[in-house]
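For reference, chains read A, B and C in written order, and residue numbers begin at 1 within each chain.
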């Protein structure tokens, strides 16, 4: 058992372990074919677009690139984007863990219905995702007049942007965890409970270590999308320069101003911010494996 | 299971996340006297220059220090936001229909807004012109050439872009001004749109398609955009062609009455829009390639604004709102034209 | 281990705590943030008469857009399942140069604002782009055709499949495969009968999510689609054109159709997923 756990801590050693045994490795030809096909697909659909973004961003040189990032409007957009993600991602994280616990560890009627409802925000066109909040909180909407009377700002301010962000990133963590927790079953938790551990302790010491990878991927995806969302946020933001523009909105304005290089520079910054979360993941892995060896 | 030896890193992270969850969200702080100008897409650079100039002139006149916030986005999306409660003191749009919406939605703007400022409350105009490849290999001189077989025309989608709508109206108006009746105008526009291979969502998408993707022989766009393309994308690759006649695209402005009444900023908002008509304001406008109303300023920048016959939306279509209804609403003339073109191509 | 399974078999009642708490929280959060806001779409649409509603949602152009949107989304999700599995497999099971980079770039489609992705894809696949230059002489046009829509939808959906399959693959017990091999199964048989059934629920989840996201996508598609009426107009574009006319009700009517159709499809996929999970999971 300890061996399996050790392998789980170290992504690299996992591949090593599979490749080291003839029972669990494919013939070299198969292996390299799979790698070749998947990497070609990766290159055509992911690497090339990224390369295109950086080519456009650097078309006018590094000076323009850095000037675009150092602009006060860009910096305030960075701050707002990080703030919205910092609120939306933890909320969806907690929800995701709770939902996955209820759905994966228990049998109840209407489970698939619940899962489908959780999926639903993805299929809602972004503009509609924004529009629903206008229908509710807008001046002509359900609570608009009341909100205005009490001088509470939801739309065209941070709360509206956060709400729209939560909506579009809603399913990520939950949907990442549910299949994983279903595959793992509940024997380990039940054993812990039978042995006298409290529910919280069981979650903390048994479940959380097991779902670590799913959790991390869920958060990374959720965070990337939270920072990159344009459509829904654009409806509720109000686009006030320096106040309610997020990075994707700032990119649009630059693009519409014919500042193509600057627009792509800011977009590349978003890509880099998303990579930052992966750096955090790698750091966590590294810490984890070091800790384990102690 | 060696639980005690397991790392705590990600558990700490989980706790921090929980903590963040409990933290509330902040509200935006507002300065003392702040105006919000909600505008359309390509005016960011314009108001970047207008705002400090007005703030300075207002301070010398009254001693009050103002701050002006800007909001930019697609024109109708911006109007939707203001209708939904975005607290704009003034709106500066590129279609009168976007301000009409605010009259209809809760009376945010006074019904007679067009009479509150000179020139139908439009301090500047633009017009639809052609951008062709260097040397004009397809010899495109006027609207008639766009409907010729074998010419590929790049126009943004009139269903989603004001720029595209003005192009359509300009082509229609050109046919009418050549003495055509409605049937002939419709046929002309139909042939023109049969030459459109790609309908981009917005003006910039169309520009990218024409300049970067190398698709099409001619791009129809606003004069100020053509000038920007010249500057940003490279004037050595394209020529601007002025047709014999085109549409006068007026950019209307209005004070949002309900908002200024509540915020007590009517005086400042009024003065701000009036400033757009001042000699100083008009000069800044002209430098950003919009056609100024002030004759003296227009003369000063005459080189940037070649003269051509300009017809208004009102003279051909009655009003922009009517044109929208008759031509661009669902299943109206534009839809009929493109569906007919699709059937013929099939 | 044996104690645990014995307990779960012996006592059908719930051993684990927290069901009421987590399900309650899930339902409240879901209602507040998703169901009530989505109800607004339905209530707004309800102001239409049935005839008006039908006229909006059944106009030929809108119907053509359903076909493109749903067809391309399903196809893109299917393609992503195949290649996403291969990519996830490579990332978990093999060592190769540049693996770390590949792993970190998989999430990119979410981080790039959709419009930027659309512009970048169009730049690559149009006639003068890096890829378009090579394939267009062979008569394959991608940018400004329905094929371009497919490319954009593959791009935005890929991370879903990779990232749902990856943790399952990392979590599989190696011993199972070793046992299978020691019992004489070939590597392919082991994959087919041991590994694949365990991955299937995650693959279906990935498919469902990639599909759902693709159906609603607007920003990236609009640049590469060409948006020709009846040919390359997606349903979200139909919604936008309604909004341009300030026809909110028309927009929500189409949104309702998309929502219901997506719901039915997702529900079917999730039922299938639940069935495969019960078959392959340890939870019986």
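Heads up, the rule we're going with is that a contact is a pair of C-beta atoms (placed from the backbone, for glycine too) under 8 Å apart; a residue touches a chain by one contact, two chains touch by 3 or more.
Because the structure is a prediction, the values reported are computed rather than measured.
Undergrad: With chains as vertices joined when they touch, what's the shape: line, ring, star, complete or other?
TA: Chain contacts: complete, every pair touches.
Undergrad: Write down the pair of chains with the top C-beta contact pair count.
TA: A-C
Undergrad: Any idea how many Å lie between the Cα centroids of chain A and chain B?
TA: 34
Undergrad: So, what's the distance in Å between the C-alpha centres of chain C and chain A?
TA: From the centre of chain A to the centre of chain C is 15 Å.
Undergrad: Could you say which residues in chain C touch two or more other chains, in rising order?
TA: Residues 119, 123, 240, 243 of chain C each touch two or more of the other chains.
Undergrad: What residues in chain A touch two or more of the other chains?
TA: 141, 252, 255
Undergrad: Which chain B residues touch at least two other chains?
TA: Within chain B, residues 77, 80, 208 contact more than one other chain.
Undergrad: Which chain C residues qualify as touching chain B in the complex?
TA: 59-61, 119, 122-123, 126-129, 143-144, 222-223, 226-231, 237, 240-247, 250
Undergrad: How about chain A: which of its residues touch chain B in the complex?
TA: It comes out as residues 1-2, 5, 9, 83, 86-87, 89-91, 93-94, 134, 137-141, 144, 148, 153, 155-159, 162, 204-206, 208-209, 212, 215-216, 234-235, 238-244, 249, 252-253, 255-260, 284, 287-288, 291-292, 294.
Undergrad: Using the touch definition up top, name the residues of chain B that touch chain A in the complex.
TA: Touch list, chain B to chain A: 1-3, 5-11, 13-14, 17-18, 20-21, 23, 25-28, 36, 38, 41-42, 44-45, 69-73, 77-78, 80-81, 83-87, 105-106, 202-204, 207-208, 225, 228-229, 231-233.
Undergrad: State the interface residues of chain C toward chain A in the complex, per the touch definition above.
TA: 1, 3-5, 7-8, 14-19, 21-23, 25-27, 29-30, 33-38, 40-41, 44, 83, 86-87, 89-90, 92-96, 100, 102-117, 119-121, 123-124, 130-131, 151, 154-155, 158-160, 163-164, 166-168, 170-171, 173-175, 177-178, 180-182, 187, 198, 201-202, 205, 208-209, 211-213, 215-219, 235-236, 239-240, 243, 248, 251-252, 255, 258-259, 262-263, 266-267, 270-271, 273-274, 277, 280-283
Undergrad: Residues of chain A touching chain C in their complex?
TA: 4, 7-8, 11-12, 14-19, 21-27, 30-31, 34-35, 37-39, 41-42, 44-50, 52-53, 56, 95, 98-99, 101-106, 108, 111-129, 131-133, 135-136, 141-142, 163, 166-167, 170-171, 175-176, 178-180, 182-191, 193-194, 199, 202-203, 210-211, 213-214, 217-218, 220-221, 224-225, 227-231, 247-248, 251-252, 255, 263-264, 267, 270-271, 273-275, 277-279, 282
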